[in-house]
Structure formats: C-alpha cells, structure tokens
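Below are two complexes that have subunit A in common, paired first with subunit B and then with subunit C.
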Partner chain A sequence: MTSLLSGLRPSGPRHAINTVLVVFGLAFAFVYPFVVDPAMVGVGFIALIYAMRNFTWNIAGGLAGLLSLAHVAGFGIGAFAVAILAWEHGFNVWLAILIGMALSGILGVVVSLIMSRFGVNAFFFALGTAALSLAVSGIAASWSVTGQVDGLQNHTSGEGFMKLQWFLDPKPLYYVALVALILIVVLTVWMTRRTRFGRSLPFIREDPDMAASMGIDVIRNQALAMGMSMALTAIPGSLIAQYTSFVSYESVLTLEIGILMLVGAIIGGSSTLAGPIVAGIGIAALEEGLRSFDVTSSSVSSITQIVYAAVVILILRLGADGIVPMWNALLDRLFATRRGEGERAQESDEKETTHA
Partner chain B sequence: MLMQIIVTGLLQGVIYALIGLGLFLVFNVMRVVNFAHGYFVLIGMYGLLWLDPGSLASYLLYALAVAVAAVVFGYVIERWLLEFTLHKPGHAQLVITISLGIAMQYFFQIKFPEPYQTIANPWPFSSVQIFGVTVSAGRLMAAIISLALTIAISWIVYRTSLGQNIRACSQSLPGAVHVGINFPWVYRSTFAFGAGIAAVAGALLIPFQPVSPHYGLDLTIKAFILVVIGGVASIWGTVIAGVLLGMAESAGSVYISGSLTSSVIYLMFLLVILIRPQGLIVRKAAFA
Partner chain C sequence: MLEVTDLAKSFGGLSVLTDVSFSAEAGEVTALIGPNGAGKSTLVNLISGYLTPDAGTIQLDKTDLTGKSAAKVFEMGVSRTFQVSGNTAELNVFECVSMAAYRQSRDFREVNRIAEEQLRSFDLWRYRDRRLGDIPTAMVRVVDFARGMAANPKLLLLDEVMAGLTPAEVDVVIEQVRACRATGVAIVMIEHVLQAVTALADHVVVLNNGQIVAAGSMQEVSRSDEVREAYLGRAALH
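Take a look at the complex of A and B:
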C-alpha cells in the first residue's frame, strides 16, 4: 500500500494536476447521488457500468494488445448468470455473480488458446472472437433456459445487500458499482506493477517474439489476460441485470456492445488506465444530453453510436492515441514551454504507460 | 430433402463466394481484413431498396449505379482513411474499418427504420423447378450472375495486367515496388473493386433476402470464414469454401431452428481453426 501511495506522489506538474483531478473525481463520484435528483443517479450508474466494461475490456485489449470482440459474451454471461441462477433458481446473487465470472473467464482462456493457433494476428483474433460472440448470442436467442427472444424477468422479492436488490432507491446499487470499479482498478494497478505476469503483458503487446525469447510464455499469458479480463467483464453484466431486472439476448448480448467496449477504450486512450473510464462516463453523458434534445429513444442510441464511430475514426486519422494521452500531452506542452524544457522529456513521458 | 439442401446450398453458396472474393482480394493485397465489407454489401441492398426499381431494365441499371457508387465510396475510404495506416505499427485499420461499419449500420438504422424489407421480383418469371426443388427467380438469377462474375473476376486476376499487379503486390510488396508497380494505385483499385463486387452481391441479394442493418456484420464474418477456410493460395479456395458454407447453412436450416444455425456454423468454424489453422482447402503455393 505504501508503495502504491508513493507512486501517487507528484513527480511533475502534469502528475500533480492529474492527481488532483483523480481525487476530485473520486470525491465527486461519492457525493454525486446526494447532489442530483434520483433519475440522474440511474444515469450515473449506467456511466459507471460503461466505464467498468471499457476498463475490463482494456485489460486484454489495451494492456495485452488483444483486440477482442468476445467480451460481450462475458458481459452477457454475467447478466444471464444472475438471471438464470438467482432469479429462476433461487441461488444467492453473489454466488451467481461468481459463477458467471468463472464461466466467462474459462471462455476467455479457451477462445484465446484457439485463436493462438493463428499465431499473433490482430485481425484474425478480432474476427474469430466476433464469431464466438455471435455464436453465444444465437444460442441465447434460441435456448429456452435463456428465455429465447423474450428474455428473463426478475420476479424475486426481498431487498438488501445480500439480495443486491433495492426496488425504489438506485443509490445502493450505484455505490456497489462504484466500489467494484475502484476495486478492479486497484487490482489492475497492483497486477501491472507488482506481478511478473502483469508486467509481461505490455511487453507481449509490443513485441511477442522478443517476449518469447526472454522466456515469457506468450500464449499462456495472453490466455490468462483474456480470462481475467473476461471474468471481470461479467461483473458489469451482472450489475446491469440487477439494475434493470430484465435480461434478453438483445439487451446484453449483441456484438454492438462488444464493439462499443473496444471503441470506447480506444477513444479514451487504451494505453492509460483512466482513458476507458473517461470515455465510458463521456458516452453516458452524451446519450443523456441527446435525450434532453428531444430525440426519440431509438435514434438516441443510433446517433451516439455514429458519433462514437466518427470520433474514433477522427482520433485515429489525426494520429492521436485517445483523449487522455492527448490531455497529458497538452499539459506537458503547457508546462514544458513555461519551464523551457525540450521536446525530449515530453516524448519519453508519452512512451511510459501513464497512470493518471 | 437432400436435393433441396444441395440446390439451395449451392445457389446461396455461389453468392457467398462472390462476397468472399472481395474480402479475399483486399486481404491478400493489403493484408487488411476489411471489417466494413459486409456493410458494403448493404450499400447494394439498401441502395436498391431506396431506388425501388419497377422493371428489369431499371433493376439492372440501378444495380450498376450502386456498384459504381460503392467503387467511388471504397476508393475514398481507402484513400482517406486506410492508406495512411498501412505501413504503421498498430491496428488502426482494424479499428477504423470496424467503426466505419458501425457508423454505416446505424446510418441505415436511422434511414430505414422498417426492418426485413425486400424489393419486388424484377425478373420476368417467378420460380422454376430444378430437380424437383422450387427455386425463386431472384435466387436462381443471383446465383447465375454471381457465377458469371466469379469467372470474370478470376479472368481479371489471372489474365489482365491489373490482376498481374494485384498478384505481384500480394506475393511480395518490395518486389512489386522494385519492378516499378505503382502499389498505392493497386491498393486503391483493389479496395474499390472489392467494394464494387460487394455492392453488386447486395443488389443480387435484395430481391429475395430481407435486409436489416445487423446483416452487415454477419456477412463480414461469413466472408472472413470463407477466406480462412479457403486458404490464401487461390481464389478457387474461397469459392469452394463459399459453396461449402451455403450447403452447411441449408443443411442446418433443415435440421436445427433458425438462429441456432449460424451459432452452429460459427462454433464449427472455431473448431476448424483449432484443428487446421491453415485452412481446409489449401495448396502450398502462394497466391499466383
């Protein structure tokens, strides 16, 4: 813990500003439900879910460089795990979440091992994992256990922490999501800094052959990263199922959701920890903003998706890395010119993975 | 029953082969899997839905028009969105083509909110009997034209100077540059050509295949499956894989219920990758 704190000690003006922003953002996230009206708490919850699933996608996608479209299968498995086990068969909901995570993680390991037969090829990985997601989605749409096209409805009664269900007040679930997100981030930071496995992932992403020659088991570590990433992606799926009390293959298992995770993490900056979270919250705010412009609800999601796609194309076309890296570069430029530092410091800063 | 599986599978498979060929050429030459390829097919489908031809002559004319439009669109996309990424590290092409596909999907969603539409049968007859199986005119003519186009494409690839340049770039880019091939031009024309083929396939599909915006992604994945199963050695691998996929689908639709068919096919595909990552139909030689 002390080492984590020492990592937070400002090492430059950019670091100081970002630390202040993170602390301020966290404080705001904790008081947010008490300063807005209840309807907006729901929006905050959705924003946290978007942030969480972008972030968990980024463990495989950004850290290990596996551009996966299988994560929506994990998201859907998380949602259907609580729907089938907790709602239909009376399991404890926390147990159901754990089972969903385990299943999703196993699926991640298996698909990663299958795709490793191609060697390392981002296109094949993306398309193969997309095929897996479509297969899982098709099964959910035609299997009676998953409610086919009608989906599953939550008819259980009783609320409280053990049931993870509150009927009128969205605040407790908001805080559960917030704590889950913070725990996932802390776990990831610890993993990437303190474990051999975590530190091998960026190495594998940058140069798999070199990593293999240094004695890193590339295929195993990629599979583990996929497994861990997909297991964690099941959590936002379970939470959103508990929030909406309704799960169908159309609401949690369409490939578009998987693409949104990928695109969201890249818009925010997949080389940073903060990027996917910023983009997730941003997209929720954008959706809410469009809704207040009196756009019909079916067009809202269509328009946000188009905006999303256009922004990501623009960012890539301009050769940028995403919102957070652009922000960091901006801060560096502002302070570097004031203190007369050269371009070199800025470049070396950009290369390290920033933990803003 | 068996005859029905074979006939419908064969007819559907030839169209899949045509769609797969566009992706195959682009992948072979540029080493880019164009995620938006299935959406280029939707350009053809929605284009004709929007123009709504009343007669056979107007149907053929509009099909040609959407093909030209898709060629121009493909050229612009390649020139402005893909070319700058090609020789850089990272996977910008992947993310750009996915995003392009998603943008097109939701554009169609807004523009054509009514799902599962088709156009009226433009052909002068409605259906025929082949070996005791009733086949609709749209399906039969689509397959015949697809087959003709496939043969025409193979002629272009193997017999013309454009095809020679395409194969040269695919075999060795440094070699192609060395002998003075203008490779950016080959890239652009291949990509535009692929987009045009896809739009023609869409125009052939729309008389009998109801269209929805989600269909694009399905077609992209199916075209990709063809390229993987067929192997990168020859365009005939892709064609044979297309026929196999069509057969598998029509057999699947007889024995298992609707949406599960695709699931079974995708899972079988993952199994194929596990067992034979180099493809089922493979020849050792490079694309030549």
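Take a look at the complex of A and C:
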C-alpha cells in the first residue's frame, strides 16, 4: 500500500523539501509553548483555530468546490453547543462538542440537499448559504437560550481534561487544538486518497455531469462533503468558546468569520491540503505582529484586511492558485534551473564558481 | 444488447428526435452519423441518462434504462466518453481510470489494480501522475477509453472521440477502439471523421432531422439517396 501511494504521489526535490518542512513544522508546533513567552501560547492557539477552520471549510469549498458561507453557522453552533449544554446545563463538554458537530453536520447536509434540489450555481450557493448564516445569527441574537445580544458566560468551575478547561495555563488547550487539527488532517488525507467518496470529490468539483456518468452520486456526495465539512468546523467553534469562556452572536456568528474562512483557504491555495493551514497561521502571525507595533486592535483588523487584499492582488498578478501552489511552482522552477546549471557546470567549472 | 425503440425527444416546441429505433450488438461497432443538428448527441445523452425521453424505451440486455439517472445507467453497464474535456484539465489520469473501476469493485486495492491494468494495456502508464490538461489531446481520448473499459461496461458510448486529431492520431485511436471491440463490449460511436467510420463501423445508422434515414453497412448507407441528400444537398442527386 505504501509503495502504491508513493507511486501515486509526485516525488522529487519539491516533495522532499515539503516533507522536511512538514516534519519541522510539526516538531516546532509541539515544542512551541515551551520556547515562547506564555502570552504567546494564546496566539499559537488562535493560529491553530484559524488553520483548523480554514482547513475544515476547504473540505467542502476546495475539495468539492462548494462555495459555502454556511460554515460560520457551523462554527457558531459548535461554540453555542458547549455554552448552552456544558456551561448552562452541566453536560459533559466532550458530549456537547459531539452534539454540536452532529447538529452542524446535519445542517450542512440539509442545506446542500436543498441547494441541489434547486440546481443552483456557485454564486447562488454562496448567497443562499450566506442567508442561512445570517438567519442563524439572527436567531442567536434574539433567543433567550443563546443569551440574546448579551451572549453566554462560562461560570463553571472544574478544571482538567474532562472539563476541557484550564484557567491559568493555555498550554493544555493549545495541545488539544493541535491534536484535533492533526486528526482532522489525517482523516481528510485518508478520505481523499483511500475512499471512493473522497476520490470522487475532484470529479464533482471539475465536472458534475461527467462525475455522474462515472457512477458518482453527485448530490449525495456533495451533501456528505458539506455535512462532514460543517461538522468538523464546529470543533474550532467549541474550542474557541472554551478558550474565551464567552460566546455571543457577535463573537462567533458574524458573516465576516465565514468570509475569513473562505478567503483564508483560497489565498493559501484551496487545491492543496497545506494551503488553508499555512494561510491560517500566517494571518494569526500577521495580526500578532501588527499588535506588537502598538497598532490598536480595531486597526489590526483593517490592516490585516489591507494585507489580505495585497496578497490577493499578488496572487492574481502572478496567476497562481494561492500561496502554497506559488511556493510549489517556485521550488519546481528553482530545481529545474539547478539541474540545468548542474549539467552546464560539468562543461565549465568557471561558471559554477561564479554562481557559488 | 442495446435496444432503442421509438425514442422521441423535444426541447420546448422543437422536436429533436422522432421515432428513433435501432439496436447495437455486443462485439460490434455501431456508428451514428449524420449532419450537425441531426440529433446524435441528444440520442447519446438519452441513452446515458443525461436526458429523459418524451416517449419510447431504451433497453440493455432486456433491462429497462429509460429515464434512469446517469449514475444509475453507469452502474447498469453503460460507459461514455465526453465531447468537451475543457474543464477537466485538473483531473489526474490515474484517478480518472480508477474512479470508473469502482463499478467492478468497492475495494481500494482491487480498484487501483484494475486501473493499473487498463492504463498499461492502453500504454498510458507513464502518464499516470499527470493532469489531463498536461498530456496530448489524442492521449486524453485514450484515457477516456481506459476509463470506459475500467468499468467493464456492456455498452461503450464514444462521442466524437476522433474530433481534432491528426490522421496519424486517428489511426492510433482506431486501434484502441478495435481493442475494446475485441473484448466483446457493444460500442456506439458518434463520428464525423470518415476515416474512422470506414475503418471501424460494423453497422451504420444515419440520422437526419431527428429521424433515422438509413441503416446498414457502410457500403449500403453510402448508396442511399437520402444519405447523399442529407450530407450533400438535393442538388447532388441530379
């Protein structure tokens, strides 16, 4: 199986370098809380949340090509699930997370089936799902169970893994987020490479008619992709609620969050698995960097948006599909030239010394 | 094998096909020819489940396919190629073929084994990691065959697979169609390239204005006045 998989994957210098980067990235992520200032651990946690929600959005958005703005509803459902069930009604927080995931997943399946029923195109899919998110946000802002405009506060006191709560140390929650992200990525890689459902997603994205005539149940698989994607998007919602101990419609159910997931995945490279993660961590690092320059928090978000715009323009200018595809193209070009130079170097030593 | 009986389809008020009946046998190539707008693509779209007929029936081995969805029709043994392959440039060659192989097996390894076998038999193994957009057009067509055959179909529908190929490439693809025919699958092809029709067709069905105007061997239909009129105009008869 391993030999078969490596036979399917492109190998070469680009592959080798990216593998090394992933290994180093992972190693760094694991030691990060111990090598930085404690205040920075929270920043790392936020970066993981951004990466996770970009990634889970991308399962529907990038892999299946469903331009969804419903995911913020999933994020919000995840957050409100722990707030309502665990904080207000004393449920186990892990059970609350599972219930949030289930609700969010069911919502994703239903939305997708309704959209398919009307045969809408990508633009109307985005508009329809945005309308759904606004409706969910409106409900949260006016319903007493969700705390209306005031939101819900965590008043429970227990600490530890079963409570998923640590009052003074952000490290454990950081590691929970890191492990969750790794599990989600592993699950997705397994699904896209090993299962018929996962392997069918590129066909559905590129040409649904062709996919159908290859025996793929397009409507069912789109619904499954939306369901899985939204169920997993509830996880970062639940984690951020546990981290901030406060949830309101304004903190987890604004359309802006939905757009950030979409933009993050796209500028990172929605056709790649690494792209949404790289973009999520990059944005978090950028926001933190701006803060350290004494930029007020309201201008942090506007400056971040300006940087978003600059990156989008850069990507458009270079005609690439995102940061990670750009990086891959750069590596390919670099090594194609290297190899060319190597061959020439044999003919002329002089040239190689000039380059060295 | 394939039995099409009294098929009719109209779009709005425009009747595209009327009373079309023909059959295609296993191990034979049936060529559907006719001028543009004759209704050939509509006929293939009806058989493959993209469209639902207004009247008539489609049967494969006595099983009714009429009005079934494209995915269902594929499961029942009808595999098709595509006229337009523009938006599929991103797709991976190996994945294309293995996706179709899921008709034969649910097992990951078995599916990949079938895909490998088909890619090797069509001499495509070296393209397995490439995107459809990165390989020559003729090879994209051959990938389409490999994909079609990986499903182990009863009926293979070829929609203008020769279009845009050089005469040398047409010869390559003709060989591949012969190889498919030799496996005993029934082949129905829409084709404009005469070189291919002459070389391959065991049976020719000529459509004009949504009706079958002639059927038989290539020699028989080329003698038909109606066929000459459809292709060359009334003046050619005098």
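The definition used in the following text is that the second predicted complex is superposed on the first by the 320 of 356 C-alpha atoms of A that agree within 3 Å, B and C clash if a C-alpha of one lies under 4 Å from a C-alpha of the other, contacts with A are read in each partner's own complex, and residues count from 1 in each chain.
Note that a residue touches a chain if its C-beta (ideal position, glycine included) is under 8 Å from a C-beta of that chain, and two chains touch if they have at least 3 such contacts.
All of these numbers come straight from a predicted model, not from anything done at the bench.
Of the two partner chains placed around the shared chain by superposition, subunit B is the only one that A:Ile266 touches, whereas subunit C remains out of contact. In the superposition on chain A, A:Ile303 contacts subunit B only, with no contact to subunit C.
Of the two partner chains, subunit B is the only one that A:Leu316 touches; subunit C does not reach it.
Once the two complexes are overlaid on the shared chain, A:Ala135 sits against subunit B while remaining clear of subunit C.
Which of subunit B and subunit C touches more residues of subunit A is settled by the count: it is B. Contacts of A:Arg117 after superposition on the shared chain: subunit B is touched, whereas subunit C is not. Common to the subunit B-facing and subunit C-facing surfaces of subunit A is no residue whatsoever. On subunit B, the positions that touch subunit A within their shared complex are 32-33, 35, 80-81, 84-85, 91-92, 94-96, 98-100, 102-103, 105-107, 109-110, 113, 214, 217-218, 220-221, 224-225, 228, 257-264, 266-267, 269-270, 273-274, 277.
Taken in their complex, subunit C has these residues touching subunit A: 48-50, 69-71, 73-75, 79-80, 82, 87-88, 90-92, 94-96, 98-100, 102-103, 106, 108-109, 111-112, 128-129, 147, 151.
Residues 1, 4, 7-10, 194-196, 199-200, 202-203, 206-207, 209-210, 212-218, 271 of subunit A are the ones touching subunit C in the complex. The touching residues of subunit A, when paired with subunit B in their complex, are 67, 111, 114-115, 117-118, 122-124, 126-128, 130-132, 134-139, 141-142, 254-256, 259, 262-263, 266, 298-299, 301-303, 305-306, 308-310, 312-313, 316-317, 319.
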